[in-house]
Amino acid sequence: MIRKKGADTAVTSSRLHDATGTPHIIECLNLTKSFGETEVLKGISFYIRNNEFLTLLGPSGCGKTTTLRILGGFEEADAGEVSFEGRNLLDLPPYKRQLNTVFQRFALFPFLNVFDNVAFGLNIKKRPAKEIEQLVRKALRTVDLEGYETREIDQLSGGQMQRIAIARAIVNQPKVLLLDEPLGALDLKMRKEMQVELKQMQRDLGITFVYVTHDQEEALTMSDTIIVMKNGYIQQVGTPADIYNEPRNAFVADFIGESNIIPGKMLQDREVEIEGRLLPCVDPRKPEDQVDVVIRPEDIDISEPSEDLICGTVESVVFKGVHYEMLIESDGGFEWMVQSTDKAAAGSRVGLRFGPDDIHIMAKSDFSPDAAGPDSISRAYEAAEGGEGDE
Amino acid sequence: MKRKLNLLYLILVYVFLYAPIVVLIVFSFNASKSRTAWGGFTLDWYVKLFHNSEILDALKTTLIIACSSALISTAFAVLSCIGIYALPGRQRRLVMSITNIPNITPDLVTGIALMLLFFFINMPFGFVTLLLAHTAFNVPYAILSIMPKLRQMDIHLYEAAQDLGCTPGQAIRKVIIPEIKPGILTALILTFTLSIDDFVISYFTAGNEVTTLALTIYSMARKSVNPQINALSTLLFVSVLILLVIVNLRTSRQFSRRRKTATPGALV
Amino acid sequence: MNKSLRRLSFPYLLWILIFTVVPLLLVAFFALTAYDSNGSLYFTLDGFKNVFGGDTVAFSFLGLSVQLPLYINVFIRSLLIAMVCTLLCLLLGYPAAWIMAKMEIEHRRGSNILLFLLVMPMWMNALLRTYAWLALLEPKGIVNNFLGLFGLGPVQFLYNDFGIGLGMVYNYLPFMVLPIYSVLVKISPSLLEAAADLGADPRRVMLKVVLPMSRPGILSGINMVLMPAMTTFLIPDLLGGGRYLLIGNAIERQYMVSRDYTTGSALSIVLLIFVLLSMQIVARNTDPDADEGGLVA
């Protein structure tokens, strides 16, 4: 094989498996990072497809922001590789990367007005004034803030600052836009509006968005792909539907949406014991007998108490608009949350009805990453062993 | 009643502070050379002042030293502050407490210590030692004026600049420096003032070749002060007053529009 | 912030080594050495012997009289004068700062111009301003002429403790007012209202709320007045008529008149250690975030 001079940093083909065949714009391999004693990233690998909306989701301290800052070039990884369109990214300083960032608290330059803020990157690249003006106007139109050119930064509302921060980034026509909890500083209503707009913007611009958030609802609403992180490890990678419907462990189940997590025992395939009852399910047997059973509150129906159902007493009933949310203390001593359009009176005895495919079985050890076997729904883990010889 | 008493008290304090200044200014127009007896109005001292090469030379030295040490120490302080700010916490605190040493060392000891330094390395006393000494005592003050502004800055601004294509140098020039500009202005005014006003450190580090205004006044004060000095001080005082009023008006107008911070001139 | 920016601090580290650390070490070095007749240096403790030994002079204070070595005598007298001057600055300056702060708190105006007027005199040469007091206070000066109209005086203001004390208070008063003002002005008016609401009369509000809250300002004011007042050699030179010896003059004369670098440096070291120790005491009493803070407060 003939290699071009200086092409040794170029990775000619992907080292990560992908069934869809869409090109990967970014690939990360075994990234680690510590701050002093604290290990923030413990060797994570994943790829980002071209033009997708990818969200890094997790509680604070999970390493999601650090991952984003490594991509942006503001943090150096201790070890690992990142390639961007097949080329090593980590050797490039931030100002040479074809990525732009929308910062957590906007980081707009307070001494410049709106126009000069948005034009900043173009000015640095010494583009002709005429072109700059056109591009800035176009960017402002994209974020719906035409006519704000001469405003000072401190005359803007939070939502407007947010839009300017986005305009300032996209005006440079980056291939990837990095967004670090960009809606964190906005109020709830504004956040909801911006979610829809951001998704729309990503489609219209046709570029890749990498989005960091701790808000699972935000992630579910906007993303094509979600990477759930915890304690420096990736817990699960998948589409919002995958992650919601098939959480790979109890942490993911609990973090994404409301969940009832009940200890169970599994002695054979497709049968689990909860609260002393044997119930049919669809999962195969796990290596260990003790498992966590996850059942979504909206998958449970209220019915008359009977012998073959788990039964309990209704503790509280709250009307939530579309449904009632009930807390039920089961005979086995667990608290179940049920969301249903049917209402049961507080204090009454009810039975909990759910089907075999509503029961999700999680190995307890799935909290640790070592349990990520080849059957994982994840599309990333095999990366490391996946090997070089793919060509 | 109480308010009037308060006002009276303040007036007395200000009379105390301004009495000698008024005397100075009034007696710069005194036809008699006496420092107490009024001998009629004259502008003689102002005319003579501009022919007195001793005073004019001292003024020139003072201004050159003050301008250059203010510029050098502020520029140096800006870069140093950014460097110190990027240091990890414990090192930063150590550097800042060493920076505070000249602040808590009496001027007298600072002057002597610098004199001994130049003496020890056999550097001839003169303009260079004077400039070095002034810059040496100005740098910590400049750093202490700029550092708080830098600490107030959102550190993501620097990253945002790099993200948008700035090299580290460009990011400093185009983002950090505009952002800490009020601190830089304070540092310039403060160091300039300290340098012009300094007597003690100049006294020990100037040698016999060069002399500043303060040194000239000191050597005169032991005998009798030439009223030309009064005339010169009046001119300087009035021009500084006008300058500061303009700076204050302009900055306070700018700042009240942008954000509510103290005007830099008001600090000095 | 980016690690590469740390390099910008390296020149400064070299700078403080050369212009802060080494010069102070040199003072210590010269305090322990002297030149012999061949012009080469040798180790000696003569400097410190001169400081702590030497001729004794009677030191009297509040009716007590003790025989003390000359320099110890001068040292203690300088400290006493500086302390009295600091106390006077505090007594005169605190009410002024409070009145100004109240104007700012209650009316949101006026105090800016007052602050400006407070620092404005510093733009006229300190020597010259001090010198101008001679014209005011001389036996035939303006004040005595004024007193003469009422058949009083002439009073001897100059060349004694009064003259020097006045010169110090005059020069250092703004340095006491500024830090106290900057603390007082931050006291929220609702705090004073709360105190009054809880039954404190104005005097109690002052004693129990305002005064304790202004402690950092007072301490920093003391810091800014005591040290310069103790080490000045200009004011005793001008207003003391050159006959009055304080520690600042003593040190200055060792270097510039007698050219005894050894004794001069030994005196400087003793003074420096004393100053640093007293700063330490004050620093321990101020709040910890002040360490990297601004200039005024």
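As written, the chain order gives the labels A, B and C, with residue 1 at the start of each chain.
In the analysis below, contacts are C-beta pairs under 8 Å (C-beta built on N, C-alpha and C of every residue); 3 or more make two chains touch, one makes a residue touch a chain.
Note that this is a predicted model, so its numbers are computed, not measured.
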Farthest-lying chain, centroid of Cα atoms versus that of subunit B: A
Central subunit by CA centre of mass proxy: B
Whole-Å gap between the CA centroids of subunit A and subunit B: 55
Distance from subunit C to subunit B - Cα centre to Cα centre, in angstrom: 19
Mean-CA-position distance for subunit C and subunit A (Å): 61
Shared interface positions of subunit C, touching two or more other chains: 2-3
Multi-partner residues of subunit B (at least 2 other chains): 159, 162
Contacts with 2+ other chains: residues of subunit A: 74
Interface residues, subunit B side, partner subunit A - complex: 154, 156-157, 159-167, 170-171, 174-175, 178-179, 181, 258-259
Residue ranges of subunit A in contact with subunit B within the complex: 72-74, 93-95, 99-101, 103-105, 107-112, 120-121, 124-125, 152, 154, 168-169, 172
Residues of subunit B that touch subunit C when the two form their complex: 6-7, 9-10, 13-14, 16-21, 23-24, 27, 35-36, 76, 79-80, 82-87, 93, 95-102, 104-110, 112-117, 120, 132, 136, 139-141, 143-145, 147-148, 151, 155, 158-159, 162, 168, 190, 193, 197, 199-200, 204, 213-214, 217-218, 221-222, 225, 229-230, 233, 236-237, 240-241, 244, 248, 266-268
Residue ranges of subunit C touching subunit B (in the complex, touch as defined): 1-13, 15-16, 18-24, 26-27, 30, 92, 95-96, 99-100, 102, 112, 114-136, 138, 140-142, 145, 170, 173-174, 223, 227-228, 230-234, 237-238, 242, 248, 251-252, 255, 261, 264-265, 268, 271-272, 275-276, 279, 291-296
